[in-house]
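You will see chain A twice below: alongside chain B first, and alongside chain C after that.
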Partner chain A sequence: MSIEEQYRKRAMELLSGGAVKMVIGYGRGSNAERRRPVFISSPEEVNRLVLDEACIANLSGYLVNEGLLSDEKRVAVFLRPEGIRAINILAAESQLDAEQIVIFGFDVSGNEVKALKGIHVEEFEDVIGAIKEHAPEMGNEELLEKIEQMNPQERFAFWKEEFAKCIKCYACRQACPMCYCRRCIVDSNQPQWVNTSSHSLGNFEWNIVRAFHLSGRCVECGNCDRACPVNIPLRLINHRMAQEVLKSFDHFAGMSKTQEPVLASFKKDDSETFIL
Partner chain B sequence: MAKIGVFICHCGENVGAKVDCTKLAAALGDHPGVAVSVEYKYFCSDPGQESVKKAIRDNNLTGVVVAACSPRMHEATFRKACAEAGLNPYLCEIANIREQCSWVHTDKDLATEKAMDITRSMVEKVKRNNKLQPIEVPVTRRALVIGGGIAGIQAALDIANAGQDVVLVEREPSLGGHMAQLSETFPTLDCSQCIMTPRMVEAAQHPKIRLLTYSEIESVDGYIGNFTVRVRMKSRYVDIDKCTGCGDCITKCPAKKISSEFDCSLGKRTAIYTPFAQSVPNIPVIDKANCIYFKNGKCKICAKTCQCDAINFDMPDTFVDLEVGAIVVATGFQVQNNSLYGEYGYGKYPDVINGLQFERLASASGPTAGKIMRPSDGAEPQTVVFIQCAGSRDPSKGVRYCSKICCMYTAKHAMLYAHKVHDGKTHIFYMDIRAAGKGYDEFSRRAIEEDEAAYIRGRVSKVWQENGKLMVRGVDTLLGKPVEIAADMVVLATAIVAQPDAKEFAKTIGIGYDEYGFYNEAHLKLRPVESSTAGVFLAGACQSPKDIPDSVAQASATASKVLALFSKDKLEREPVVATNNEVTCAGCWGCVLACPYNAIEKKDIVDRSGRVIKRVASINPGLCQGCGTCVTFCRSNSIDLAGFTEKQIFAEVMGL
Partner chain C sequence: MTKILFSDKLDKCVERWKSAGLTVMGPVQRANIKTYAAVEHASEFDFGLILTDRSIKDLFFPQTEPMLRYTIKKDAINTDECLPPREQRIIFGARACDASGMAIDDPLFGWDYKDEYWFQRRNESVIVTIACTNADEFCMCTSLKMAPDSTKGSDVLLRPLENSKGWQVEELTERGREAFKTIADLLQEGSDTAAPVAAVAEKFDLDACVAWLQNPENFDSKFWKEISMRCIGCASCTYLCPTCHCFDIQDEGDTYSGIRRKNWDSCSFALFTLHTSGHNPRSTQSARWRQRIMHKFNYFPSKFNANSCSGCGRCSRECPVDMGITETLQEISKLSQ
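Then we have the complex of A and B:
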């Protein structure tokens, strides 16, 4: 039985037994290469579920939709390792109760889709630990390498040019599972810290603020990258922040559902090289 | 309509020399909302303050900006003056044009322009300031003193003698600290034990002092006037109430070969022990790591010997929770590990010892009963070489500072040696003789003139063993010649360094420290005994290397600070507290964790039927200290700090 068939069968069982009220997975998209999220709540619909190498979006963000989990019923969701890390962070930040989440874990390498064992987030500790040790390729290592080689002025110029493209559509924020605030700082206008018009200062403010808000939280799923209509390589900034946090505080986002947020917690042996 | 008064202070030449105050006053006079803009030589002076008050009254000012020195210096002064003129003090702000402008710039035109920016930005803030009322908090009149060396004992006694309660916490089994280990003390050569032990006894028996020995601080929460402290009382395995201190158990304990910490490993002790004969309290502890029963499950000879049934091998650690209003930190120092000096052979040759070990050799209660005998064979050394600054003033060993006391104790050691070994010979290698203090220079002269200590100005490069002698090679820089001395014993004047856990411990109590781990005072000159955390004071060698007179003086100073704090029923606190917007709060509870004062709680918002509709953070204004940590953390920008609101700060930034 293919993994797709196995997972359809499992979805059918869970839904008909009432063990979960909904399965969030992938369905066919507008063309053969695209997949779109589907929200299945009856066993008859499970055949709409698709699982193949084109299933790349991180679906965890749908779980924090207002009201979805407040009836304390369970919801199943298809997740790649990054998505599973996201569940840990959302649980650690009190946005959901991990007990309510049933995971259909999978990973894609090349054209091959493989199932990940386990249904509760705790069961994936080894998978997450392995990513901490060996980060998977992001597909734009070359650009990353190029940016690393730049001096600060060059790097600033690079990002200035990239950010100049930003049209402030906030698609990155909407796509990111970590951007769950009901009122984002850009929407706060008393005072208006982040300028809403798309000129270079406002664009810088927005993108840098977002990078800060994601440091120690980004799971590098790439939702933001893919959502951005003007193709700013957003994940690279967050990747860099993740590396800094790992290096300074040995914090790898989404290790466990009880992991303390790195910027809110304090350990006596925290590095303090940045304190003058 | 805003009517702001701007008062530009020359601070004598401090501001005036680099900022054109007349131009500044004129520029601010033109700024929208400014009703008065004047300059003066010293606004902090009496006539200066009076002129501010008069301007407030005459013009019905709605806000005041004083462009002057740092707010740390005179914010309180000017806010008080405003209050006296009937203006809410929180409508007064300081624009710092001294530390942040005139002191750091050389070009007068540019500095003047910058001063304009700084002052305008403050005017914009003040326009949005709100009236605030101070918060009153009660004071718990009980002091915690941490560390039972001479500094801690002195502070505890002074506070207790003024009638206030003190809890004195010492982590070793006995009070005393380093002073208990010393033989005789400079500059008077009185016997350390003889002046120390009565103090220890007095502290232990004082009705106002609660003594917790063999105890450590687990956690400190709260703030000035209202700290809560958890103390772990480590298990002694001996019941302090039953034990009479007869010492029978110590005599019978078969584990006798344990190296004594108190004697700096020159002597031995048993597994059940008191550090020294005059220990206070005179109640032994069992050293679990070395006890035969704890290692093999068999022995308990001490328990069988004890006639009071005081020994209990199952005794657990216990915890004491304390409410205190002030904390005195007197955790002392340690001597540097001399094995850093491989070239001097410490640790390799038994007869190379450090100063503290020499104290134990010279002490009447020490392992040799005060006879100077070298550790290797017990022979009386005929030639002793002392090496000063063995660690101090040596960046390559990580200590750039002068340890302050080694010149003096080395002179003392030379004298003690001369008094005990009459035909012995001493050589002292030194960099400088630093003997600043009452009777100190006379003391070191006495070592040279009466006790014939031969001082050699220069460093030692190497110590090695040859034909049963310790060969010391150095240089005499005054003669410009290398010297080589065959010695029987070498004594290193080791650097005074911070306790090994000093930095860690500072984080537990929430105070600052320097790069070496010595605790930082709030102001080196004007507030030398206060830490930067209100209500926490510093005494003794934990702040910097000190001798006994300095440690005691500083301890008494902390006591006077504590007593001043306790002289009031209530403290007035700044009304700078945080509030959060429950509508926009995302309930991530990062702020709950980030708040260093545990002032933020988790809160459920429920509907009429009791169903939770939202989870948010809720800030307790009674506990909030206004540090602003949560404000910076909150991603949804839901927290605001009174006196530093987002709108005020934004206006300040945009005013630049």
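Then we have the complex of A and C:
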């Protein structure tokens, strides 16, 4: 039985027995290459679920939609390892109760989709540990290397050109499972911390504020740069911050549901190289 | 015999227009984005693009622009109105859906108040549209009762020649004729045939959709929630849309000096209709998506006698969760059968 069939069967069982109220997964999209999020709440609909190598979006962000989990019922969700890490972070940051989440874990390498064993988030710690040791390729290594080689002026010029394209559509924020704030700093206007205009200053402010807020929290799922309509390679920024946090604090985001958020905790032996 | 502009003359045309004081703009690919921008040479144009990622709206209604500068002193308040810089422009190689989108928005910007920012740029621009000979699966002009060679909003329409060597020229407006006078000697009379326009399948029954939307009973249909459940509430669809025109006025600065700006805004944002009291009449994403559809195909046409959609398909092409006007209207077509 293919993984798709196995997972459809499991979804059917969970929904008919009432063990979960909804399964969030992937369905067919508007063309052969596209998959789109689907929300299945009756066993008759499980055949709409699709699982193949085109299922790349991180669906974990839907779990924190207002009211979804407030009835304390369980929800099942299709997740790749990055999505599972996101559940850990959301749990660690008190945004959801991990007990309510039933995971349909899978991973994709090349054209192959393989199931990940487990149901609850704790069961995937080995998978996550392996990624910490061996990060999978993101497909943008070349550009990353190029930016690494630049001097600060060149790097600034690179990002200036990229951010000049930003239109402040906030698709990056809306697509990101870690951007769950009910009122984002850029939407606060008393006082207005960040310019709302999409000019160079405003675009820099926005993208830098977001990069800082994602440091030690980004799981590198790529939802943001796939969502960006003007093709800014946003994940590179967050990837660089993740490396920094790993090096300075040995913190790999989303290891467990009890992991302390790196920017909201301290250890006596934290290095203090940045304190002047 | 028709008037022909051969591609190998285009660089000369660009020069001619430039020396006549026009800024020459058109479709280009720069910094990994397909957009309309000013060019120095014809070689910078990319006419192979089916459609740019960004719409032509950017050139008439930019994402942010200053309206006035202010300074406040003890005994005086000074304001300086800012209008866009004067600039005569020719936009060469627009698409019919983009050009018509601008014409769709003209009555809106001129309705109870004449938006000078919009009309100054409109009056200072010549739009030269190239009829499409290729379309992708998201193009849907025909569903909106338009076509790859619609002339609405264009000053000149060019039809690509079958032999790919240039375009047949149809001057449509006085402004178009004026701009092409500058290059009259570079045009030739010829009998080269034009390539057929792209075949764009009709995707939904527009009249049936409009009738369904006009029925007040459907305002509270559960359809809205089902169709928009996956919408993440970004502004990708509205900001890339040539006809979406909502804006917000923001003051940047402090008590003593600053600048008032006109910025794009989007009905997909939760903040869009949030009242000071905390109440939000469109408190759910489904109410916001319904607004987008109702505005385009019910409210706007009832006021301005045209749908606020030109069928460019960008909303479906670029949506991060594969939604869009097309799917919604296809589903409404089914419901109204």
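Here, the second predicted complex is superposed on the first by the 276 of 276 C-alpha atoms of A that agree within 3 Å, B and C clash if a C-alpha of one lies under 4 Å from a C-alpha of the other, contacts with A are read in each partner's own complex, and residues count from 1 in each chain.
FYI, a contact is a pair of C-beta atoms (placed from the backbone, for glycine too) under 8 Å apart; a residue touches a chain by one contact, two chains touch by 3 or more.
Source: prediction; values computed, not measured.
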**OP:** Answer with first, second, both or neither: which of chain B and chain C does A:61 touch in the superposed model?
**Re:** second
**OP:** Check the contacts made with chain A and report whether chain B or chain C touches more of its residues.
**Re:** C
**OP:** Report for A:260: first if it touches chain B alone, second if chain C alone, otherwise both or neither.
**Re:** first
Original post:
Looking at the overlay, does A:143 come into contact with chain B only (first), chain C only (second), both, or neither?
Top reply: neither
Original post:
Does chain B (first) or chain C (second) touch A:130, or do both, or does neither?
Top reply: neither
**OP:** Kindly classify A:185 by the partners it touches after superposition: chain B alone (first), chain C alone (second), both, or neither?
**Re:** first
Original post:
Between chain B (first) and chain C (second), which does A:213 come into contact with in this model arrangement: first, second, both, or neither?
Top reply: first
Original post:
For A:195, is the partner it touches chain B (first), chain C (second), both, or none of the two (neither)?
Top reply: second
Original post:
Between chain B (first) and chain C (second), which, if any, makes contact with A:157: first, second, both or neither?
Top reply: neither
Subject >> Partner chain B, residues of chain A touching it in the complex >> reply: 70, 93-95, 180-185, 188, 190-191, 193, 213, 260-261, 263-266, 268
**OP:** Spell out the part of chain B that touches chain A in their complex, as residue ranges.
**Re:** 504, 507-508, 583-584, 586-591, 593-594, 596, 602, 612-613, 615, 633, 635-638, 646-647, 650-651
Original post:
For chain C, which residues count as touching chain A in their complex?
Top reply: 31-33, 53-54, 63-64, 137-138, 229-230, 232-236, 238-240, 248, 250, 252, 261, 263-264, 266, 269, 271, 316, 318, 320-324, 326-327
Original post:
Which chain A residues qualify as touching chain C in the complex?
Top reply: 29-31, 34-39, 57, 61-62, 161-162, 164-165, 167-171, 173-175, 187, 195-199, 202, 223, 226-227, 229-231
